[in-house]
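Listed after this line are the structures, all set down as structure tokens.
What follows is a pair of complexes built around chain A, which joins chain B in one and chain C in the other.
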Partner chain A sequence: MSITLDQVTKHYGGAPVVNDVSLSIGDGEFFVLLGPSGSGKSTLLRAIAGLAGIDHGRIELHGRDVTHVAARKRGVGLVFQNYALFRHMTVAENIEFALRVRRMRARARRERRQELLRLVALEGMDERLPAQLSGGQQQRVAVARALAHKPEVLLLDEPFGALDAKIREELRRTIRQVQRELGITTVLVTHDQEEAFAMADRIGIMNLGRLLEVNAPHELYARPATRFVATFLGAANLILARRTPDGIQVGATTVAPEERASGERENEVVAVVRPEDVELAADRESLGCGFLANAVADEIVFTGALERLRLRLEAGAQASLLSSSDGETHSALQVTRTQHERRALEVRPGQAVAVGVRRVHLLPTPLSSFTACAMDEADTERLSQQGLLLMLAQRMKTRVGMRVEPQLGQPEAPCQGGDTFVGTTVIAAGAQAAARAEWLLRRGAHDLLVMPADAAPPQRVLIHWIGEAARGATLAIAASLLRHVPAEAVYVGIVAGDAQAPSPQGMRELLDARSEAKAAHGLEMRTELHFGAAEAGLARRLADNPGQMLILGLCDLAGFPSRLGALLDGRWPVLIVHRGTP
Partner chain B sequence: MSFRAPSVLPGFGLTFGFTTFFLSTIVLLPLAALVLSATSMHWADFVHTVFSARALGSYRLSFGASLLAASVNVVFGFVIAWTLTRYEFPGRKLIDALIDMPFALPTAVSGIALTTVFAQNGWIGRYLEPLGIKVAYTWLGVTLALTLISMPFAVRAVQPALLEVQRDLEDAAETLGAGRFYVFRRIILPTVLPALLTGFTLAFARAVGEYGSVIFISGNLPMKTEITPLLIVIHLEQFDYQGAAALGLVMLVISFVMLLTINLLQAWGRRRYVRTGH
Partner chain C sequence: MSATGIDSHAAEGRPGQHTWMHALVRVGFITVSLAFLAAVLLAPLATVFIMALSKGIAAYLHSFSDPDTAAAIRLTLLTAAVVVPLNTVFGLAAAWAIAKFEFRGKSMLITLIDLPLAISPVISGMVFVLLFGLHGWFGLWLQAHDISIIFALPGIMLATMFVTFPYVARELIPLMEQLGNDEEEAAITLGAGGWMTFFRVTLPKVRWGLVYGMVLCNARAMGEFGAVSVVSGHIRGLTNTMPLHVEILYNEYNFVGAFAVASLLTLLAIFTLVVKTLVERTGYRRR
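The block that comes next holds the complex of A and B.
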């Protein structure tokens, strides 16, 4: 491996900018770090270069631990967005800078320089000053300069940001060519997905300091694992669907999923439908694929090769469509069609069409939607407007539904809203919370978020489960939540007994939990060990610092209110993951 | 001769007229009067006044101390400007404001304050005395006073240039293998060199013309701690206007030659630095 990152973390003023990133990049690989601005990708690149120190973790270059090695001794080449050429030096002096530092002989320097200028197609420009070159030429000089000392790794920080489209294209090709010719391991940072697709062998997508997914470009596009990646890479329609024994029920149709997930039970899932996988026809019968719903064309934009449409689905199906872009009041189904498809069926605004889906991809996410639940309309409404809940829903591109249960918490009383619970149910924290939580869990709710009225986004999420049966689900939900929250994940292991005689069983569980989180969910977490009773230990740990949240897995509801009352009294948010018998 | 097309301010004729008028009335006319006054002397008198041992001593002190003060200020002005631009610390704004104090203070006040501190029984002077270092009433005191009053010029000239040195340049040099000293010598210094020269020029020019603060701390011993401006005043007090003018003319010529040299050096440096256009 050329570059190995292990749990690299960097904090800036308390909040993590790079959060537990582990990654291996192979020899000669062209790796692209893609993410929106502020996602921590540039900081990570600077950490690899040695220009930014890290608070935690390890960085290896070609098997050598360079975590504490100065930038000048790491042997990397770095290219900056603004070129960063030395303006008082000629092109020749710029390129020879690294060689001069290494006291190379003038003749050898000249030869190396000419070789590099040929490589970036700038022969004969030796005596020019940077001010006399165009932006594209300056960036070529910067690339040549970064390669002069034959670094083992080439790092490019948004190198095309300041260039116009045509030059950008040309320079992209040059860099890819140079990279292939030299076989040098390269990491490029960008926020431009087209650039990432065009250049990468593999893409790593970052958001809120976390490395969410790493895969080959076409794999990431076809089979994203997270909502963020699905909507960040190209356009995507997110549709709430139901997993049933027969397949995935999306709208009016049931499709067999591409990959048979290990479906434990019938539940709500999020389906991704790419705009180009939607088929339109005049009526249901003439569709060549599974029927989704009837729809009305809202907006049609002609963009040359493709036609972009936005459709409003009929009432029932419209409700399951999630808004895929921020700040959109009503969601629309996005469709792109080729000229060929357009000729087969012309669609005008206002026209009714039948919508079919050719391909559905399911997100392996256990957190699909939220439902606020309280005893009357007003309380439910207030709870659904809670700041942290809205932030989570917006980041996860999902919705907050409402459910009124007038007899919430009264023993023996039945549910008013039927006994199916979808997604995560949210109740208000407080003195009544434990009784209400038990009431809901016993009536079929699986995931329950107990939310204090004034809860702020957590900086640290503590994870614990009581009973091994809840382990898998708890880890999956924690991983899903943490992809959308810039917080630190900490697994709290609690071992019965005391510190003098820790049971080997507890230690093993701790290590198992960590490796399972990493392997199955790509979740990096720190681990802590406490001794004594679980509930008391968790309460103590949560009271230590403000800004913490608990994800608690449970199998057994016996003695629920008395055991957990103190945890649900409103000092912090708690997400209860219940698996096992109700 | 061709002139650039006008920019924001209209009327090249008008602005050029103003420029020449201002320069003439404020700078050139008084200087011409000085020259005229000096040239009306007899040659022998002129030589006698200008090359007297006392005058020569005062030149040496005036220009020597000024050069020394300007050099000290370039070095420490750079350090101060560096601290102010590169670091964020409590009280930074306050220190930044303090830099300008010598601008605003009447120079006589600075002189008196320095004398109080550095006299043999002053706060600092009393500890230097046993070490055999005398500051007040020696050339050291003169240099100190000149350093104080010319310090802001050096700092303020370098500060904007340092702000413009991109951190990326240093980062780039570092990834290419350069150590700190190398980065400083090959990247930072060349970039701020023009500004450093400007700072030097301004500080030097200010120091040569200084009078108020020096006379308090120098003790004014002829041949030892007497600066040329003071000698001129002494001539004036004896109603020897021509003698004063002659000394003034010498200062003028030396200053002009020195400033011209520095400016030419700077222009040469700048040409090397940004050779624009094809």
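The block that comes next holds the complex of A and C.
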């Protein structure tokens, strides 16, 4: 492996900007770190170069641990967004700088310089000053300079950001060509997905300091695992669907899922439909694929090869559209059509069409949507407007529904809204919370968020489960939640007994939990060990610091209110994951 | 066709603009500025040279052969030769610290650097008298060890250094902040160490700003009157700088002598301005 990162973490003023990133990049690989601005990708690149220190973790280059090695001794080549050429030196002096530092002979320097200038197609420019070159030429010089000392790794920090589209394309091709020719391991940082697709062997997508997914470009596009990746890479329509024994029910149609996950219970899931996978027809009968809903064309934009449409689904359509990648209009379905499709059925604004889907991809995320639940309309409304809840819903590009249960918490009373609970149910924290939580869990709710009125975004999420049956689901939900909040994940292991005689059982559980979180969900967790009773230990740990949240897995509801009442009294948010018999 | 029509209109001025009014305003402003400049700047400057040459070129040249005048010129040049390099080193260090590092008390340091510009030069001189004078804090100790600072060369240099130390730092801080750290970081990833990065990258990068700051510092060091006047003691041939010497000669009704020295100072100032303009032009073209 050329570059190995192990749990790299970097904080700025308390908040993690790079959060537990682990990654291996192979020899000669062209790896692209893609993410929105502020996602931590540039900081990560600077950490690899040695220009930024890290607080935690390890960095290896070619098997050599360089975590504490100075930048000048790491032997990497770095190319900056604004070129950073030495403005008082000629092109030749710029390129030879690294060679001069290494006291190479003048003749050897000149030969190497000419070789590099040929490589980046700038022969004969030796005596120019950077100010006399165009932006594209300057960046070529910067690439040549970064390669002069034959570094093992080439790092590019948004190298095309300041260039116009045509030059960008040309330089992109040059860099890819140079990289292939030299077989040098390369990491490129960008926020431009088109650039990432065009250049990468593999793409790693970062958001809020976390490395969310790493895969080949086409795999990431076709089968994203997270909402962020689905909507950040190209356009995507997120649609709430239902997983049933027959397949995936999206709107009025049921499609067979691409990858059959066995043993899944019937529940709500998030489906991704790419705009090019939507088919339009004059009526339902003439669709060549599964019918989704009827819709009206709102906006039609001609973009050359493709036509982009925004459709409004008709009221009463069974499909509930969460969001498209622009995130603003919740009810607009994005569609792109080729000229060929456009000729077959011309659509004008205001025209009604039947919408079908050719291909549906399911996100493996266990958090689909939120439903605020309280005893009357006003309380439900207030709860659904809670700040942290809205933030989570917005980040997850999902919605907050409402459900009124007048008899919430009264023993033996039936559910008003039927016994199906979709997504995560949210109740207010407080003295009544434990009784209400039990009431809902016994009536079929699986995931329950107990939310204090003044809860702020957590900086640390504690994870614990009571009973091994809840482990998988708790880890899956924790991983999903932590992709959307820039917080640190801590698994709290609680071992019965005392510190003098820890049981080997407890230690094994701890290690198992960590490796499962990493392997199955890509979640890096810290682990802590506490001794004594679980509930008391958790309450003590949560009271230590403000800004914490608890994710608690349960499989047994016996003695629920008395055991967990103290955890749900409103000092922190608690997400209860219940798997097992109601 | 229509495009060229619009262009030719644009060349004549903005729509709705009266061209004769525009011309009137322009001529008015230029006249006012020139008249003001002539009255306040050119007339006094001319007076200096007219008075200096009023008794003929021979008398003008003769006034420089006076040993006290020669001593004053030597002292001024010596002071500038010591103060400017010291303040250059200080200015570089302060600008580097402020532009490249984050530390507590950074804004305090920036304010303190500006302090000599805000304080009256006489006060700056008084401070040194209060510290090192016979009745000052260190006065007795200095006397016991036979070290003279006030009414001697060290005092003059200290006072000059105090009033001129903002110039280099103030010139470099915004420049370094604007140019950023990228070139230095590039040099480091290419394998250069700290000294090499400083001498091969940072220093050449800011050299025009540095020269400009040094020129300003030098101009002030040679022309300083107030602070130096307080600490020098006006001992002829020993602690008289050029500006002080001008005053003494004038008070003795030696107008030709006074204005001759003044004309030399003026020429030095004009020379400094020419250097400054050249630096600005070169620096602008190279940047």
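In this section, the second predicted complex is superposed on the first by the 573 of 582 C-alpha atoms of A that agree within 3 Å, B and C clash if a C-alpha of one lies under 4 Å from a C-alpha of the other, contacts with A are read in each partner's own complex, and residues count from 1 in each chain.
Methods note: a residue touches a chain if its C-beta (ideal position, glycine included) is under 8 Å from a C-beta of that chain, and two chains touch if they have at least 3 such contacts.
Remember, it's a predicted structure, so these values are computed and weren't measured experimentally.
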Chain B and chain C placed together on chain A: clash or fit? clash
First, second, both or neither for A:R223, with chain B first and chain C second: neither
- Task: Scan A:A71 for contacts with chain B and chain C and give back first, second, both or neither.
- Result: both
- Query: Which partner does A:Q132 reach: the first (chain B), the second (chain C), both, or neither?
  - Reply: first
A:R113 contacts which: chain B (first), chain C (second), both, neither? neither
- Can A:F86 be said to touch chain B (first), chain C (second), both, or neither? both
Once the shared chain is lined up, is A:H521 touching chain B (first), chain C (second), both, or neither of them?
-> neither
Chain A contact set shared between chain B and chain C covers 49-51, 71-74, 76-78, 80, 82, 84, 86-88, 97-98, 101-102, 131, 142, 145-146, 148-149
The answer for chain A against chain C in the complex is residues 49-51, 71-78, 80, 82, 84-89, 97-98, 101-102, 131, 142, 145-146, 148-149
So, in the complex, the side of chain B touching chain A is made of residues 166, 168-169, 171-179, 182, 186-187, 190-191, 272-278
Within the complex, chain A is touched by chain C residues 182-183, 185-193, 196, 200-201, 204-205, 207, 286-287
Listed in rising order, the residues of chain A that touch chain B in the complex are 46, 49-51, 70-74, 76-78, 80, 82, 84, 86-88, 97-98, 101-102, 129, 131-132, 142, 145-146, 148-149
